[in-house]
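I've put the structures underneath this note.
Okay, so subunit A shows up in both of these, paired with subunit B first and subunit C after.
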Partner chain A sequence: MTRRFEFLLLLPAGVFVLAFLLVPMAALVPVAGSGRLGWSAYLAVVTEPRYRATMISTLVVAAATTALTLAIATVAAQFLASRRFPGRDLLVAMLTFPLAFPGVVVGFMVILLSGRLGLVAQASEALFGERIVFAYSLGGLLVGYLYFSIPRVILTVMAAVEKLDPALVEAARSLGAGPFRIQRDVVLPALAPALVAAGALCFATAMGAFGTAFTLATRIDVLPMVIYTEFTLGGNVAIAAALSIALGLVTWLALALARNATGAVAAAG
Partner chain B sequence: MTAEETTAHGASLSIRRAGKTFPGGVVALAPTDLDLPAGEILVLLGPSGCGKTTLLRLVAGLGAPDPGGAVLFDGVDVTTVPIERRRVGMVFQSYALFPNMTVAENVGYGLKVRGEPKSSRDAEVGRLLDMVGLAELSDRPVDRISGGQRQRVALARAIAIRPKILLLDEPLSALDAALREKLRIELARLLRRFAITAIHVTHDQAEAMAIGDRIAVMNQGRIVQLGTPEDVYVRPADRFVAGFVGVMNRLPGRLLPGCGVAEAFFRPEAVAVGPPEAGSVVAMVTAATFFGAYRRLTLDVAGHAVEAEVPAERPVRPGDAVSLAVDPARLHVFPT
Partner chain C sequence: MRLSTLAAGLLTVLVAAFLVVPALVSIVAGVSVSYSRGLSEGLTLDWIFEVWRLYADTILRSIMIALATLVVTLLIGVPAAYALVRRGGRLARIAEEIVTLPLAIPGLALALALIITYGGVRELRVSSAFIVIGHVLYTLPFMIRSVMAVLQSFDWRLLDDGAASLGASPWRRFVDIMLPNARPGILAGALTVVTLSIGEFNLTWMLHTPLTKTLPVGLADSYASMRLEIASAYTLVFFVMIVPLLVAMQAVARIGEPRRTA
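For the complex of A and B:
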């Protein structure tokens, strides 16, 4: 009876995994081999310089987004979790605001900030007589990704900070440790699981984000953009499928490596 | 034990008019004076919210007293010295061991922070782990040792920096009752062996009796009685102490001269129980529990329950009528 009940509990997850994950992915695999290049479409991701460069720049943007997001969010989350000041609740509520924005809106906001007529351009022209414009480059993309990843990472890390036993920090202080030492020896190791989880989500989202890049960019080559152009404009379904699978695998591999590395660090203490 | 281990270390502590008012005007601790000679173990005993932890945190430097208050170690004012430089050892209720470090790394952390070279650090950690009986667990992660072992690691970690004062904030209350009783004796033994000035906070009066050289009973932000465990048990200063420390009977009555209302307090062992006689107070036994060395009786005295102790060999049963007398020397009367 209990076994049958457990099987029933597994059913929804099983159906979901089969219908939305395994079947489409399995279908994608032969599609990639059906094109002009045959199965070597998979190799093209590595051998074709344009695809390879795209893959590398996508990885760099995603990694930079993750690193900057974690650095900013860890500091901000600790401040927000431990301090009470007027307007704090409003600020925390506002953090959830950008969560609902689609990438297109984020891209639009980046253009308003750092486009040809954006705030940065106007300010820099007034100050230095030169318009600084970075919205349509990888820099603009990075700003856009930071904009939507920082709030969600702050919220995750804040929850972890609030669960941290305040006595841990007090014990370290009583033993003579200063604030930076406590961060390194006590707080960051305790937050590591939350940072890895939040960082993984941030990285994966940045690898696959499309709307922001699409809005900003004629000249931005990130993998989701290339997949889109190959698929809709070039009609190159096979390459699009191979690139999709490569994107998934590389993201998965990067996350597995990060998880292993942080696990080893935590164990070594 | 080497000579060094038995030498009393630690500072004397003086607290001068130290109070604590929290934002919003809640007075957690009324201005308090307290003196603790070097090497003495003081227990702060009281119910939750009585101000005992607030007082401990003022001594630790985790909170500043209200203006006018001062904390002195060996006569030196340390009120403005932050906890990082105050050299206090702290043991927390949650132990607060660093989960990413081994037993030995936890114990050695304070020495590492102070830049002590690894060789002397390792020797000191080894010596401390020996003292608390955990030498063979030194390389274990702290999440793979028992609650009692964690408590000893926390104690060794706090002692390692040779603190001026050791502060223990309910270090036994996370343990189950049987283990708590065993470790209470163990902790008292270790603290005497470290021979260090210590303040131990607890709400458990049996723990206070076992550990303290002196006990400060606290209620509503004040020290209501300060004395040896015997003082506090035998000569309670007021109704609160009488009711809080140990098992105490209370009977309402009137003070004869002014006809004021009062309550009489007396311990179960102050009650003499005999065969019912004319002219004596007669009571009905409602329960009798055998405790091995003695028998604990619950008596009904004119509608009030009174606990009494009789020798175990006296065959008293529920339903028996007995006479009862209270030793007047051990009767405490407080006006209500």
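For the complex of A and C:
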């Protein structure tokens, strides 16, 4: 009786997920093998120099984003968690308000910061007589991904820092440990699960992000951009499908590994 | 003050500035007569009106799509969350894993899969419903997890058994006992769904047609082809829509968690 009731409650969501997630994802598999390259399209991401280079630069940008974001968030979260001072709430609000910005808007923020008419260009012209512009390159993309990731990761790390037992840090200090040793031996091990979970999510998001690169456009070769151009401009559905599957596997794997490492469900951002 | 503390504080302030300054520039540019000539030229709302003239349809469509997405996620997500919590065990975990897959798979890949499978159905392909399907796929996990988290935070079995012993049918127990108790989770989930739907771009860019442009699609269009003031004014409209949702979301989250004495 209750079994049937549970089944009925689950049925609408189940039908939706089957029709619009499982069937379409399964349909992607044969499509990827239907192109000029046949089934070796799946290996194209490794064998074709162009796609391989794209995969590598996407991985590098995502890894750099993750490392920098985690470092910044760890420092800022500890600074904010351990003390109360006037303006602290404002500072937290400033650090988290871009949470809901989509990638396109983040791209526009990067253009305002480091584009042709951007703040950096104006400042550098006033100071050195030369306009510094880096918005439309991999560097600009990295800046955009930092803008996107910092608010999300800071929230997770702050929550973890607040659960940290201050007595542990105090004990280490009274035993004569310096700030560096306290970080290495006490704080970072305690924060590790949160850092791994937030880092994996940050990495997966940076791998698959499309809006920021799309706004900055002009010759940024990251995997989502290549999938998009192969599909819409090149009409190469097979390669687009194969690259999508490769990209999906990488992001899924990153999240799965992190979850196994921490044993906790990664908080979705 | 220690040197290391000072450095940490400085870094924190710099990062906050990095996040806030471009947004402020965008807000100012959206109401300035001329961005390149600076504020001395004065302020104006002309660009906002221009945005409304050019893009009102995208703004309204985004609101409609967000509401439709919300209705669907409520109707299919809330019962599913209850069933998963009741059922528990390995099967429920696998089901939850499958439902949350769209968080692990890039939106571009999901959209490609949807187009390959259903792109041939013309009526669907050219309608906003196609975008709603994508948004439900992407936001459903947030609704389900949010409701599940609340249901797991109290002893639902005790209430359920109590009501059952008084003769309430499973359906009545769901409507009269579970729904009221799950309200904070439903509210938090609803705010998340609407916020994410209004800002969604990765899926929507692939799924949209020239007649079904949403706000973020219009933003991308204005960034590529409009003068900076119009792009900024459009972004300002987006901020005005999204920031209250975000504030409400964080307020609900604060009510939901046990109070801490700070």
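The rule we apply is simple: the second predicted complex is superposed on the first by the 226 of 269 C-alpha atoms of A that agree within 3 Å, B and C clash if a C-alpha of one lies under 4 Å from a C-alpha of the other, contacts with A are read in each partner's own complex, and residues count from 1 in each chain.
Just so it is clear, a contact is a pair of C-beta atoms (placed from the backbone, for glycine too) under 8 Å apart; a residue touches a chain by one contact, two chains touch by 3 or more.
Model, not experiment: these values are computed from the prediction.
Judged by the touch definition given at the top, the superposed model places A:Pro193 against neither subunit B nor subunit C.
In the superposition on chain A, A:Ile72 makes contact with subunit C only, while subunit B stays out of contact range. In the superposed pair of complexes, A:Gly139 makes contact with neither subunit B nor subunit C. In the superposed pair of complexes, A:Glu170 makes contact with subunit B only, with no contact to subunit C. Between subunit B and subunit C, C contacts the larger number of subunit A residues. In the superposition on chain A, no contact is made by A:Gly33 with either subunit B or subunit C. Overlaid on A, the two complexes show subunit B and subunit C touching no common residue of subunit A.
Taken together, the subunit C residues at the contact with subunit A in this complex read 2, 4-5, 8-9, 11-13, 15-23, 25-26, 29, 35-36, 72, 75-77, 79-80, 82-84, 86-87, 95, 98-110, 112-114, 116-118, 133, 136-137, 140-142, 144-145, 170-171, 174, 195-196, 199-202, 205-206, 216, 219-220, 223-224, 228, 231, 235, 238, 242-243, 245-246, 250, 260, 262.
Taken together, the subunit A residues at the contact with subunit C in this complex read 1-2, 5-7, 9-10, 12-14, 16-17, 20-25, 27-28, 31, 72, 75-76, 78-80, 84, 91, 94-105, 107-113, 117, 119, 146-147, 150-151, 162, 179, 204, 207-211, 214-215, 217, 224, 227-228, 231, 237, 240-241, 244-245, 247-248, 251-252, 255-256, 268.
Interface residues of subunit A, counted against subunit B in their complex, comprise 165, 167-168, 170-178, 181, 185-186, 189-190, 266, 269. Against subunit A, in their complex, subunit B makes its touches with residues 60, 62, 82-90, 92-94, 96, 98-102, 105, 109-110, 113-114, 157-158, 161.
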